[in-house]
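Notes follow the structure.
Chain naming follows the written order as A, B, C and D, and within any one chain the residues start at number 1.
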Amino acid sequence: MITAKYPPMGWNSWDCYGAAVDEKTVKANADYMAKNLRQYGWEYIVVDIEWYQPTVRTHEYLPFAELVMDKNGRLMPAENRFPSAKDGKGFAPLAEYVHSLGLKFGIHIMRGIPRQAVHEDCPVLGSEFTARQVAEFNDVCEWNPDMYGLNYNCKGAEDYYNSIFKLYAEWGVDFVKVDDIARNNDNEGEIMLIANAIKNSGREMVLSLSPGPAKTSQAEFLKKYANMWRITDDFWDKWELLYAMFERAEAWCNHSGPGHWPDCDMLPIGPINQVYSKDNRTNFTRDEQKTMMSLWCMMRSPLMIGGELNGFDEFTLSLVTNPELLEIEKTTFCAHMLERKEVDGCETITWFAPRVDGTGGYLALFNAGEKPVTISVPLDSIGITAHEAYDIWEKTTEPVDGAVSGVVEKHGVKLVRLK
Amino acid sequence: MITAKYPPMGWNSWDCYGAAVDEKTVKANADYMAKNLRQYGWEYIVVDIEWYQPTVRTHEYLPFAELVMDKNGRLMPAENRFPSAKDGKGFAPLAEYVHSLGLKFGIHIMRGIPRQAVHEDCPVLGSEFTARQVAEFNDVCEWNPDMYGLNYNCKGAEDYYNSIFKLYAEWGVDFVKVDDIARNNDNEGEIMLIANAIKNSGREMVLSLSPGPAKTSQAEFLKKYANMWRITDDFWDKWELLYAMFERAEAWCNHSGPGHWPDCDMLPIGPINQVYSKDNRTNFTRDEQKTMMSLWCMMRSPLMIGGELNGFDEFTLSLVTNPELLEIEKTTFCAHMLERKEVDGCETITWFAPRVDGTGGYLALFNAGEKPVTISVPLDSIGITAHEAYDIWEKTTEPVDGAVSGVVEKHGVKLVRLK
Amino acid sequence: MITAKYPPMGWNSWDCYGAAVDEKTVKANADYMAKNLRQYGWEYIVVDIEWYQPTVRTHEYLPFAELVMDKNGRLMPAENRFPSAKDGKGFAPLAEYVHSLGLKFGIHIMRGIPRQAVHEDCPVLGSEFTARQVAEFNDVCEWNPDMYGLNYNCKGAEDYYNSIFKLYAEWGVDFVKVDDIARNNDNEGEIMLIANAIKNSGREMVLSLSPGPAKTSQAEFLKKYANMWRITDDFWDKWELLYAMFERAEAWCNHSGPGHWPDCDMLPIGPINQVYSKDNRTNFTRDEQKTMMSLWCMMRSPLMIGGELNGFDEFTLSLVTNPELLEIEKTTFCAHMLERKEVDGCETITWFAPRVDGTGGYLALFNAGEKPVTISVPLDSIGITAHEAYDIWEKTTEPVDGAVSGVVEKHGVKLVRLK
Amino acid sequence: MITAKYPPMGWNSWDCYGAAVDEKTVKANADYMAKNLRQYGWEYIVVDIEWYQPTVRTHEYLPFAELVMDKNGRLMPAENRFPSAKDGKGFAPLAEYVHSLGLKFGIHIMRGIPRQAVHEDCPVLGSEFTARQVAEFNDVCEWNPDMYGLNYNCKGAEDYYNSIFKLYAEWGVDFVKVDDIARNNDNEGEIMLIANAIKNSGREMVLSLSPGPAKTSQAEFLKKYANMWRITDDFWDKWELLYAMFERAEAWCNHSGPGHWPDCDMLPIGPINQVYSKDNRTNFTRDEQKTMMSLWCMMRSPLMIGGELNGFDEFTLSLVTNPELLEIEKTTFCAHMLERKEVDGCETITWFAPRVDGTGGYLALFNAGEKPVTISVPLDSIGITAHEAYDIWEKTTEPVDGAVSGVVEKHGVKLVRLK
C-alpha cells in the first residue's frame, strides 16, 4: 500500500503560533477541522517545531535553552504547554484526542540529537552507544540551536533514530515533518536512516522533509525515501514568494505522484502570526489566495493550512471547502505549465492538468501582471477538444468554442474544468 | 492555423552525405519516401548544409571556398551538384519534383550573410544597404567559415533576410533549418528577424533551429518564434549520446505541443556516413534503435531520418513504419518521465504519456543498464487503472493485473499502450 | 645583450590621433623629442594602429575598408597619409628620418593576416602557402575588423610572420607593438611565432604586446618572449582608471626587470584627442598627473607619452623632464607597495623602491582620497634608516627623523629619495 | 615599538606531539634551545593546541571531552599533563621557567568560548554577560570540537576575550597562536577583538593566526592587526606541499615587513610525530630541507621548529645554526621571485633579496625538477653587479663573472650572498 496515495491535507501550527503552540490551541483547531473540514478531505493536525521547549514565545528560538528530554536524550513535550504529556505520556493523549475526532496526528522534529543530550552524554536507548558517540560535533543547523547532526555511518545513530520513531509510534503519530534536512548537502545518509526508522517503528507515518528548496537533482532519491519535500524556503503571504512559486512548480510538477509530492509549503490564509497580535491576518488579496490554491492544486502539492481555523471568515472557509477545486488533487496527473508570455504588459501563465479518467481536464489562466488582462488559450494549442468549461471559482458553466478566455484580475486566476 | 501542428517527420541529408549531398540522391530518397513511407506520415525532404559550395566532399567545410551566389549576396545551389538549378532557377525545380510526389521540400541555411558577399560588398536586394553595412565583422560561426552574422538592429539586415526568404518562397520551400543559432547567446534579435521574414514571404514554412543544446531558460521564446529547436549538440550513433538524451528529454518534454517541438535531432539509422564508405551502417544495436524511436516518440520530438532510405533493410524499415509507434506523436500530450532508479545493478527509466482522447496512454520501460533486467511499474504508482497492454514492438497483447512488467534487454525498451 | 634593458620611453600617436596619424605629425613630434626630450632618455617614436587604412579619421575603425597591401598580403602605409611611402618604400624613409634625429622608430600591428589578403588568397612571400591556408576562419578580433588570426601550427603562418618582420627590419623598425594578443586566451603559439620572427629578421626590435589586462598566470611566459605587455585595458585620463592601476601595479611590480616590463599604458598628458578638437587637453589634474608619473616610475613601467608634444605647456614638459623622477626607472629594483590603509577618511597607499647601488631608495606616499591628508611612514616599518629626503616634485631636501611625513593633496603624491 | 620587528623564531610542540604535549617535554625543549640555539636568535617556546584536555593522546581531538576550565569558562592547563599548573597557577610556573632560560613563552588557543562553558552557562569574568549570551550557536569549527565562536558585536564577547588575555598576561605569555581564524570568512570582527584584548592586557604578545591559507585580499587587514598569519593549510614533510609553497611565497612576499610576517608554518625537521613512534623522522631529504630553510628565510617567514630538539642530529642542527642563513631574516627587504622556467626538463625558480644596508643581496637558485640541473642567473637580468658570491650551504666563496651558476640537485637549492 502506498503511504500518501494522495497529497496530504491538514493544518500546521507554524504560520500562526511559531514555536509556541500549545495543547489547547491544537485541540481547538482539531475540533474545527473535524466539524467543518474533514468531509472535504482535510485530516492532519501537525504540531510544529520546539514543542519540547518550555520558554519559547514566538517564531524565534532561544539559544541554549533547557529542553524537556528523557534520560535517553529523547525530547518530550513541555508540560507547561502540553499538560496531557505529564507522567511521561508524551503526545499519546493528544494523539488519541485527535484520532477520536477521525483525524490524524503529526509532529515536527529537527534532524539529529539534542546538544543537551550530547553534553550530558545520555545513553541511546537500546544501544551500546551514548549521545557523544553518535553526534557530529561540526554538524549544526544554521538557524536553530537545539541539535547536533548524527554520524549516519555509526550504528548508534541508527539506534537513536529507531528509539525516537518507536516512541512516536507508541504515541500514535501519523505524520512527521523532519526539519533541517531537505535542502542540505550530504543529506542522503540521514534521510535513509529516518525512512528506515519509520519502517522499523511498525506504524505508517507520512515523512515530510523541510526546509526547501530541495534540489531537483535529488528528485529520484526524494521520491524513493520521502512522501513530501519542500521545494522553496519558507513561504509567507508575500506576492513575490507566490510569484516565485510558478517557476518552482514548473520545475517540480512532473515529480508529483502517488506517494511522493513536491511541497509548496503551508497556506498562510486567515488569521496568521497570532503570536504577535490577534489582529494579524494574511496579507494576500483574495485573488492571490485563489491563485495560490489553484497553483497548489494544479501541481498536486500537499495542502497544509497555516491560519487559525477558528478565526476563518466565510471567504477563507470557501477557499478550503470548494469541492471542485480540491478534486483536482485526487483526479489528475501529468499537470504542467503550458506557456508563459506577455499579454498587454502583463505576464500570463497557463497550466493544464488532464484527468486520469479521460474525461477532460483542468485549465488554469494566471495573471502575474499588475492590472486585469484578457487571457485566451486556444484548445488546439494543447491539442484537445472540449464542449464546455466549468469555472471553479465563479461556479458557472460556459460553452467552449475553440478557446477558453476571460478577463483575469491582477495576481488572479481563472480556473476551469473542461469537459 | 498552426504550422507544424504535429511533430514534423522527414528525411535529412546530413547523417549520410554531410555537406556533399546532390540532386540525384535527394530525388532517390524522395522517391523512396513517396513509395514506402508517405502513408505513415513522413513528408519532409531536407537538403542540409552547403548546397551552395561546389567542392565540398564530406562533412568537413573548406575554409574560404568560393560559394555560388547571386549578385545580391544570396547563395544559390551549386550547379555541379544540383543541375536543375541552372539558369538561376535555384531549388525551384527540385522542390517541384518533391511536391509532385506528394511530399514537402526543405533546406538548411547558416544564419547571416556570406563573407564573400561582404568582401564583394554586394547590394542587398530591395534595400538601401550593402552587405558591408549589415554584417557584423566580429560575429562569426565557430565551426563553419561561410558567413558573417548580421547586425539585427540595422534595417538592412531585415532587408537581407526578407530577400532570401522571398527567394525560398519562390522556390517552393516548406521547411527551413537555420543553423548556428539555437544555442548561441544573444540570438533573439536574429531569430525574430527570421521568423518575421518567413511571415513576410507569404509562404508557410516550418522554422527549425540548430544546433543545440538550446537553453531551457529560452523555452518560452523558442515556443513563440520557432517550430522546432535542437536540445542537444549533434546526435550520432553512440550509446553515450542516446543515454544523455534521457536527461534532455526530461528537461524539455513539457514544452512539446502543437507548433513547437523540442528536437532530439536526426535518427542515425540504416546506411549513414556513406560519403566515406558504402559499408557504413549505424552503430546502434537493434535494441538501441528501438529505445531511440520510443523516446523520440514519447516526448514527441520531430523525426528526421538520417540514413539513406534506399539502403534500408527490413528491420530499419520496420522502425519507421510501425503505426502504433508513430501514432504516439499525434495522439498524446503531457508525457513525462515517471522514475529513474536502479534495479539489479541497472539504471531503469520509465515514461508515461496519456492519450488526448482519454483512452488510456503509453508506458515506456527503458533499461539503461548493461544486462537484461525485469522492470515493473505498478499502475497505482501513476494513479491509473488499465485492463490490457499492447506491446508496440512485440505486437502482442497482454492482460494487466495492477502492473506492467517485463524483462528488458540491455539498452532496450518495453513500450506498451495501456487500455 | 638584453633588448630593453631599461623600460622603453617614447611617444605614441594613439591618444592624440587615434587611427588617423600622418607623416607630418609623426615628424613634428620626432623633431620636438629630439630637441627637448632626448637628453632625458626619451627615444621611441611609435606610429599606432591602421597606418595602412586610407580613410580612417578618428579612433573608430571602419568595417571592411579597403587596406593598402602588397601582393603578398603585407600591409603598407597609406600613401595619402604617409607620402614618403610611395614607390613601395613603406616606412623606410620615415624611419630614416627618425633615426637621423638620434631617435628610434616603432610601429603598431594587429596580429594575424588581413582578411583582404585571405579573400584575395595572396601567396605568402617565400612560402608554399597562401593566405587562405594560414588564416583561421573563426579567429577574429572583437574590436577591429582588419585581420584573421593565424593557425600557428601551420608552417605558412611562420612564413607569413617572417615575411612581415623581414620587411620591418628592412624599413628600419626598432619597436613593434602587436595588438589583439596580450589578454587573449590561447595566445602563446602566436606570440612565440612573432618573437621568433623578430629574431629571424636580424634586427633588434622591442616587442610590445597589447591590449591588457595580461594574465598574471602568464607572467613567466611573457617575461621570456616579450619586452613589455599591457597590464590593463586602454588607459585614459580618468581618475577611476588611475586609481585601479594601483592594484594592477601591486600585482605586477615583481615582474619588472631588465628585458621585461609590465606596461601601464600611454600617458594621456598635454593635448590629447586632437583628432576631435584642438581644444582637447588631458582631464587629469596636476596632482593626478604627478601621481601617474610617480607610480609608473616606481613600478618601472615603460613610459609612452600620448599627447601632442608640440602643444606641451611648461607644466606638462616638467613632468617628462624631471631627471630625479626619470632616474628611478634606471636605478632601482624590487619596488613594491608597502601598505594601503585609511587615514582620516582617505585611502593612502605607500610604495618603496630601493636603489640598486645600495644608496637608499625612493618612497612614494599616495593619497587616493578626496581631500588633503597627512601621510607618515616610519622608517622602521620598512626596516631602513635614512638621514635626509629629497622631495622629487617639490625639489626640496628635508631632514628625516625616523619617518617621512607630509600633507598630500587629493589624488596627489609625495615622492622622495631617501639617502 | 614594533612587536615582532623581525620574524619570530622558536619551537612549537605540534609537529612532534600533536595535542598531547606535556610539561616535561616543553621544558626539555626549552633547555635544549637555551643551550644550543638561543645564540642564533631562537627564542619562543610554544605549547600548541588542547593543553586543557586531559585525555588526548595524539593529533586527534576527542569530541565532547571534558576540558579543564575555571568557573568563568576560561580554559586551564590539564594538571595531569602540566603538574606545575596545580592550585590554579595555570601556565605561570612554566612561563617563569622558560623566562629563566632567557627565552619567551607562547601558547595556542582556539578562537571562541568552550562549548562546555556555554552549556554550563558560566558567567564571563568582569561582565554582565554569561557564556550562553556571547556564544554563536551556529558558529563551530569544522575540525575541532571544543568551542563556539563569539558574537563579536556583543559587549560580552569583548569581555570574554579581555578576561582570557588578562589571564595570559598574568601567566607571562609572550606569544599567542589563535587558531580557526586566519582563513575563515567574516573573521575580522573577532580578530579585532583579540588584537584589542592583547593591548588591554598590558603585556606585549606576538599575535599569530592560523590556519591558512589566509586570503591575499585581506593582506592589509592582517598587517594591521596581526604579527603573523599562515599562508597555507598545515604544512608537513611532503614535497608536494613544499613545492606548492613557492607559489604562496610569491603571492605573499611583498607583505613581509617589521611587525607583520606571512607565515609558511612550522619546520617539520628532525624527530617528528613522536607521539606515534620514536622512530619517526622527517620525510624530507636533506636537499628538500635546505630548500625549505632557504625559501622561508628569503621570504622572511617566521621560523618555528616542529621537531623534538633533543633528538636533533648534526645535520638537522646545522640547518638551524647557520648564521649566514639566519642573517637573511634580519638584514633584507623587498625579496621576491625573479623567474620560474624550465631548464633541461626541470622547473627552476630563482629568488633575490637585497640587503637593507646596500651591501649586495642574496640569490637563491631552486631546482623543483627530478634530476640535477645547471641553473644560471646573469646579474644583468636583475640589474645588479657583484664581484663574489658566498655559498651559504657549501660555505665556499666563488668569484662572479656576470652570472651566478651551479649544478643544483633534485629538489635542492644553491643559495649565495652576493657582494
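Convention: contacts are C-beta pairs under 8 Å (C-beta built on N, C-alpha and C of every residue); 3 or more make two chains touch, one makes a residue touch a chain.
In this text, all values refer to a predicted model and were calculated from it rather than measured experimentally.
A.B. asks: Determine, using the mean of C-alpha atoms as each chain's centre, which chain is farthest from subunit C.
C.D. replies: Result for the farthest chain: A.
A.B. asks: Rounded to a whole Å, what is the gap between the Cα centroids of subunit A and subunit B?
C.D. replies: So the centre of subunit A lies 43 Å away from the centre of subunit B.
A.B. asks: CA centre of subunit A versus CA centre of subunit C: separation in Å?
C.D. replies: Taking the average C-alpha coordinate of subunit A and of subunit C, the gap between them is 65 Å.
A.B. asks: Could you work out how far the Cα centre of subunit B sits from that of subunit C, in whole Å?
C.D. replies: 53
A.B. asks: Do you know which subunit A residues sit against two or more other chains?
C.D. replies: Residues of subunit A never touch two or more of the other chains.
A.B. asks: Think of each chain as a node with edges to the chains it touches; is that a line, ring, star, complete or other?
C.D. replies: ring
A.B. asks: Can you tell me which positions in subunit A touch subunit D when the two form their complex?
C.D. replies: Touch residues, subunit A against subunit D: 63-64, 115-116, 118-119, 121, 132, 135, 137-138, 140-143, 145.
A.B. asks: Which stretch or stretches of subunit D touch subunit C in the complex?
C.D. replies: These residues of subunit D touch subunit C: 2, 5, 220, 223-224, 250, 253-254, 257-259, 333-341, 352, 354-360, 380-384.
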